[in-house]
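First comes the structure, then the notes that go with it.
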């Protein structure tokens, strides 16, 4: 029996919970060389801005243990080209398009929302709050619950009512649960977690920061435990709010971990750089994990790790179920 | 187009050997071999399934053979953790490779005179190129340089394939003492070269390009900017390149390159965002009219 | 020429910058089976509390990519037994003893400081601020700059003047630099950074949190970029304050990274579990790294990554010094 | 004492083979082999230098031989990422191992009757024990159980080494259908056993201990709590054990064990901190007088 993989994110339904993470899959064109992008739950685009952006100077990335540091700086063609070239291409291949947006002010976010609402075929808007707030000397919107709420509010106001708006949060904020609550109060239909973690590396040869600009965003399996803690905590505080979990998903079992912690869908980012077919492989492994556990519906597992321990847990205390296979 | 798209495969290692001071690995990879055109590269996952190293390593294809349905050889110097791991592979191990990646060297339609200039392991992609050029009846001359004799790659093969082969080493241990650019001018004149193909470190590409410009012949340069994915999704490998429209863009060397017209690469601005690049801070969309046409950086 | 490895931490000098991290080397007895503990800069003990502590239930640890989650809960024998049994043993083997202390109130910390000052042979006291504040429903002292300052103040007041007091900070705080400044203002002679990062893992077999109690501390190479960013930032803000850097040090090159970022000494934690001889191996590799770079004094490299880029950096822009070896 | 301390070494793999449904690896490790006493274990680093897996994996020593200065064999079932990596090793690969670790099985002074009870791969450490006991003139009886016949480890060796060997499988595919405790009582009576040695999953150790108590004979139980370092520094492997003074302590199974008197392990409280354990929340130091002496949990 094939498990039912459909999941709901607010008012929309995805065929399965596996998505790409923003900025790690372009707009789908490159990955389509390796698999049929219509097969995954959705493709989340690189964050699009109003104007074209050249991004940050190279070196932009550095490898770190089980992770990477990056500072790409939102390089992209701007909303105009995105709507003319990238979105139609993605839709023509049958992809579900979640469009990530980034701006320097609530007004810019609102303009992006308006233009995406005028276009057709956008499944969801993901509001990347880890973008520098021009009015606040470049502090990220995510670091100020008030500013984040204003952005979410502006986007929700300009977005067509049938397009859900998800706010994407970063883990290094003073109080994640409070930020999550503010975003939901401001109209977010759901939350995406997590963006990259602040980090740095020094190149031991040049003796200088390894990525130009010094600080970068840490991503990949290294941060998975941080991301899981965020998803778990926010799901505990806001159990009705749909979450998209991400941060270091490498296997179907990792995706399952996010679902158990409270995510309704799971996005794959950095691991795509290692394995361009990662999303379909992870989807296959995730499905197999459900089969192995005799679980008929993926949706039933969302937040299962929060349930009071059953007899299985009790067993665990007496030496984990590792006796099983003996 | 779809026939040329890269494939990802788990390729068995056929042989591991030393070539000069480099390691050479040949893998069985029919899909890659049949699609390959010179200048393209492969990207390899290193360290196995539980590796802490997530980023793929890019390597030029040094040789392609029809055996076993198609084999691909690449050469490398141990540089960091990933190449150290590769150097420990043995035959029958599996390597997760993707290829062929990137845009190939453009080949001349006519049988012109080509000089191929390589620095260190940067010579690797020039060998399949030389063969392709020879098949088209082109004259091929080689100028290969390195820090010392043991790092000059493929001297024998160069002599076999080319009309002339000139070698330079910085320590003078082999061939001319100095850099490739110290010998290149003479070769261009002697061979009446029509085009330069080059691969090596960025400073060398810059000098070779400058020399090409001085001799008024085009330079095709294969750049090696730090890459994380090789497939175009990570945006790490950008280089400022001037387009046909005169606008500088930060282009991905893995998919828009790795081969570029040397004159279009803004070598002096590599590692920066030139103020006039498309989307640079303060950049404003201009009409075609008020944008000065520029052909070289 | 062998490089001069001596480093200063406030008023004391260590023979070399390599130390153990608190809680990862016991009090030295177990590691002494693998190497001579007198050879490393100092041994930092497991955080000692006033009373004996049983700690948290098992499972206490889980492996994560390039890291681990732990929730040991300060299991230990209490200060009495520590002073009678552990400290004398360590000193008898010629080890330099940095004693980490943890308590539930500033008073408990003060009592520990007093008793350690009465004993002889303590090289330094490290104040672990990631301990639950009993008066604040278990919130860590490190999460409240005021509470942290009260603890540091209490410890400094009761500590013999020739024993430096270092405050150990955790990376997940709202404003690390502000906390660092408060601790220094309260009398800390230096800072140790970083303690573990909040994280969580779900066991995909039991479908429950992998570590009893849910949340644990993430450590190991996975967090190194986070730790480097903290050291770099605090060194930039407080360049005169000596720092002990830690978080995922696995090799001599990693230790060098911390020194370049601004640490005067470097502690090795989780990697000891992987390699009990790690400290001496790292010391050897670190020394070799100095030799390779022609650096005569380790102390000269402290914070070197902050210096304005020299010609070497310029070179870097034109394609890193990777042409070197060709 | 210093002669017994564990050594860390890079050991070449001699052979990799299958034993029943287990993988068996023999490494050349003279230092470990010469110090080893039965019940001790080794801890292996997995995945190589760039591994993302930092924690060592613990394995019982199944056999020690004098060849090549001393070899050590361990057996394992593929369970997770680390054992999957181990299963791929080939001869001549190097393994970073530490051993021998932990306290060995205490051996009786006199030639008494010993029954050895193993579950699954938990049988592995019982084979060197059986040999040691036989050398002391003890009678040895085996009771080995597992879920199914392919998981019963070392049936042949058990028959060879012991007076009697009884097998149980949960699915009845080999020997008695049921668990080791379904057969153990009879064996104890028939063999007039004086002591039980046991290793296997925690629930099995609990049942075996209960049976030993009912027959009034001591039980030496080798526990396998999750371990991260194996050397005593991480405090991850704790089990609540009652000391000679009647006080329950959270003791490290890697250095204070892995062998404990079964009656002293508070099986029902494994995975918790018993309220009366030394240093438990609310625990207060008591004088010896007002602390009730207790011998078993």
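Per-chain residue numbering starts at 1, and chain names A, B, C and D are given in the order in which the chains are listed.
Rule of thumb we're sticking to: a residue touches a chain if its C-beta (ideal position, glycine included) is under 8 Å from a C-beta of that chain, and two chains touch if they have at least 3 such contacts.
Keep in mind that this is a model prediction, so the values were computed, not measured.
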> Can you list every chain in contact with both chain B and chain C?
Replying inline: A, D
> For the chain pairs A-D and C-D, which is connected through the larger number of C-beta pairs in contact?
Replying inline: C-D
> What whole-Å value do you get for the distance between chain A and chain B if each is reduced to the mean of its CA atoms?
Replying inline: 35
> Between chain A and chain D, what is the separation of their C-alpha centroids in Å?
Replying inline: 45
> Which whole number of Å gives the spacing of the CA centres of chain B and chain D?
Replying inline: 57
> If you look at chain D, which of its residues touch at least two other chains?
Replying inline: 52-53, 225-226, 270-272
> Which chain A residues reach two or more other chains?
Replying inline: 59, 65-67, 220-221, 316, 320
>> Which label fits the chain touch graph of this model best, line, ring, star, complete or other?
In response: complete
>> So in the complex, the part of chain B that touches chain C is made up of which residues?
In response: 52, 77, 79, 119-122, 146-147, 151, 200-204, 206, 224-226, 267, 270-272
>> Please output the residues of chain B touching chain A within their complex, sorted ascending.
In response: 5-6, 8, 45, 52-56, 96, 98, 225-226, 228-229, 231-239, 249-250, 255, 270-273, 277-281, 283, 285
> Can you name the residues of chain C that touch chain D in the complex?
Replying inline: 23-26, 30-31, 33-34, 46, 51-61, 63, 65-68, 70, 72, 75-76, 78, 212, 220-221, 270-277
> Which chain C residues qualify as touching chain A in the complex?
Replying inline: 59, 64-67, 69, 172, 174-175, 197-209, 214-216, 218, 220-226, 228-229, 232, 248, 250, 253, 256-257, 260-261, 289, 301, 304-305, 309, 312-313, 316, 320-321
>> Per the contact definition, I'd like the list of chain D residues that touch chain B in the complex.
In response: 47-53, 81, 85
